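Structures are listed in the sections that come next.
Two complexes are shown next, each including subunit A; its partner changes from subunit B in the first to subunit C in the second.
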Partner chain A sequence: MRYARQILTVAFKDLRSELRTKEAVNASVSFSLVILILFSFAFDPSAESTREFSGGLLWIVFAFAGALILNRSFARELQNDCLDALLASPVPASALFLGKSVANLLLLLAVELVGLPVFLVFYNARIVGSFWTLFGVMALATWGLTVVGTMFSALTVNLRLRELMLPMLVYPLMIPCLMAAIQLTTVLLGEPSLDAGQMVWLRFLVGFDVIFTALAVALVDTVLVG
Partner chain B sequence: MNAVAAARIWKFYGDYPALREISFEVAEGRCLALLGRNGAGKTTMLRILAGLSRASKGQVTLFGKDAAAAESRSRIGILGHGIAVYDELSALENLQLFARLYGLPRPAETALAWLEKTGLERVKNGLVREFSRGMRQRLAVARAFLHNPSVLLLDEPFTALDDRAIAVLQGLLVEARDSGRTIIMSTHQLREALELATDVALINRGRLAYCGERTGEMLADPTWLYRNYGEA
Partner chain C sequence: MRKPVLLVMIGVAGLLLVRNLLVMAQLPDEVMQGAIFRIIFFHVPAAWTAFLGFFAALVASILYLVRGNLKFDAFAVAVTEVGLAFGAANLISGMIWGREIWGIWWTWDPRLTSMLVCWLLYSGYLMLRRAVEEPTQRARVSAVFSIFAFADVPIVWFSIKWWRTQHPQPVVWGGGSMDPSYWNMLFLNWIPFLLLGLVFVAIRMRQESAKREIDAIRRMAHAI
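So, the complex of A and B:
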């Protein structure tokens, strides 16, 4: 119970800080909207071609926009040496990590929920399957991206070129998660439900989340304290 | 009982040994002034004591338990070079945050009491980014003392403080010492440190050159220790 409270305290602090400054969210939302709109001029969004590239386009935009939020996650703690105060407190490093991941998940989902309707309008697409199934896939995939990104945000926090290093390090690791998310999103934008073959991708996504969450929780203390 | 015990501490940065087999003990209720030139290893030692860095070799215990354990960390108050409060949160929100992280039973009441003690109650809802330097420093002091720590680790606590913040900190340190809390502070301000300290440790290039009680000679002449035990 105390552990859950610590996670929520850290998450709430990060959300409050971000909502006061809106530094990362504004950049992320603007970036995703600009890219979605620019691509809509580059492609002819006829119904069939949209269905084929919809999942890929959406998740590439979300992954790049997400890096802007993930980069700020631990960098925010460098100001005034706040990271030292957090690490010196009795909060376990894993609770600190999970709190930050929860805050990042909510911020990224908010960016995605702004980007999705814009995509549907500009690409003349619609969600054929259930919105809530699609939202579930988005939440699972976003958690995967968030866990990997937050972990590497901790790892690169003291690097001078962290804005460059973070995407270079995390995108290769995100590929399995992105592949599953792209497959499932493409299906849900064109078909009413997932069939048995596509459920493999869903299980793959859950497996990715479980493995990377467990790894990050186990390793974050070493990463932060050294 | 020993509040803090460091046993044969080594710390390497790459191949460079920043600390070389440092051992000392600080009894409960004592105040240790950790002295040394710039780069001697004082901050590294304090970071290891606070659990912010791991010793390459050796062990640090707090009241007989591993210093890195959560239970030990909850008994430490640390005031480092940075103020360690969030600019985009208000003074009250900052203290409430740390009160919650330390699991204090009444975060709001505790935060308000410390804001009053440090003279910040009138700006409790003001964002820290709008504060003057002195106000930020007093908030940092409140943050370090908030959870009533048994051990205070202070890294250059008087550096860059304004007069009012120095007065607040000195008052709190005397109160802490008199109430039996253990204090370890690194500083270059010899006179202030030696007046408060009961014990002194001098670090020279990562080695412990002197560790013992503060003597009358040190108080009479703050440079005595450096002349007798410092680098040539």
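So, the complex of A and C:
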């Protein structure tokens, strides 16, 4: 109970400070819009064939937008040695990490919910399957992205070239998660429901989330405290 | 390891390679592929050595996090680098082979894709090390990354396999059995690869310990 409260306290603190400045969210939303427009030059957005890789397109945009949010997650705490203060507080490092992950999840989901309708309008697509299933897939995949990303945000917080290192390290690790998300999103944008073959991907996504959450929670202490 | 031991190991590896090359020349050509199939004796052991290196890096990383001895860190970076070198050998020999047999340098077959992703992951490990100045912090950060990377390898492998089963399969050398003499040759050629890998690891570890010594001296000089 206490642990859950600590997680929520950290998450709300992060959300509050982000919503006051809106630095990362603004950058992330406008960046995803820019990429969506760039993609429209790379291939014909109204063509029927675009539907076949709509999921891939969407998730590449989300992954890029996510890197901007994740980069800020721990870097924000460097000013005035806030990170040291957080670590010295009675909150365990894993709760700090999970709280930040939750905040990043909510922020990235918000960015995705802005990006999705823009994508649907620009690319003349619509959600044939249920929106809530798609939302569930988005939440699961975004949790996979944020849990790995937040971990590496903590890992790279003290490095020079931090902004460069994070995407370079995180994207190859995220490949399985992104693949599952791409697969499921493409299906949900074109077909009414998931069949048995695609349920495997859903389970795979859950497995990815569980494995990397467990690994990150186990190792975050060594990363932050040493 | 001492220098003479290393030299002997290199010598043995070289002799074995020459002997294997002579035996390979005697082996009959494969029915479907002709002479080029012999690249398998370099291609497959290179992959085995690479994965062995990555596994050793995982073990060394865990040991570093448990014990905190920088020797394990030096071992981890040494085996990762050697693993990457053999991984590159595997990828490049595979591309040459693919060019001969399939007519293309690259195909997004699960095995090729997984190996490439794996290679990229571990090259990220080396990039990460370069970005951290302080030795204990570098060791800790890269050990954690190594554990993450190794956990990701099987996940990548299975996901890419599933991914491809839902798409048109590229023309791959479909599952067949290999003659036992080929298998023997594969294992026999693995021995010099392993010896060579060990020598590289030993040299690399010596460099790391020299680097630590230089760092310590430099710090002492600063203190004075």
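Keep this in mind: the second predicted complex is superposed on the first by the 222 of 226 C-alpha atoms of A that agree within 3 Å, B and C clash if a C-alpha of one lies under 4 Å from a C-alpha of the other, contacts with A are read in each partner's own complex, and residues count from 1 in each chain.
We take it that a residue touches a chain if its C-beta (ideal position, glycine included) is under 8 Å from a C-beta of that chain, and two chains touch if they have at least 3 such contacts.
The shown structure was predicted, so the numbers you read here are calculated from the model rather than taken from an experiment.
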> Counting only touches as set out at the top, which of subunit B and subunit C does A:20 meet: first, second, both, neither?
Replying inline: first
>> After the superposition on A, what does A:93 contact: first (subunit B), second (subunit C), both or neither?
In response: neither
>> After the superposition on A, what does A:204 contact: first (subunit B), second (subunit C), both or neither?
In response: second
>> Once chain A of both complexes is superposed, is A:180 in touch with subunit B (first), subunit C (second), both, or neither?
In response: second
> Which partner does A:215 reach: the first (subunit B), the second (subunit C), both, or neither?
Replying inline: second
> Which of the two partners, first being subunit B and second being subunit C, lies in contact with A:166: first, second, both, or neither?
Replying inline: neither
> Hey, what residues of subunit A end up touching subunit B and subunit C alike?
Replying inline: 226
> In their complex, what parts of subunit C are in touch with subunit A?
Replying inline: 65, 117, 120-121, 124, 127-128, 131-133, 136-137, 140-141, 143-145, 147-149, 151-152, 155-156, 158-160, 162-163, 166
> Hey, which residues of subunit A end up touching subunit C in the complex?
Replying inline: 148, 151, 155-156, 158-161, 165, 168-169, 172-173, 175-176, 179-180, 183, 197, 200-201, 204, 208, 211-212, 215, 219, 222-223, 226
>> Help me check something: in the complex, which residues belonging to subunit B touch subunit A?
In response: 50-54, 68, 70-71, 73-74, 76, 78, 80-89, 93, 97-98, 100-103, 127, 143
> Across the complex, what residues on subunit A touch subunit B?
Replying inline: 2, 5-6, 9-10, 13, 16-17, 20-21, 79-82, 84-92, 225-226
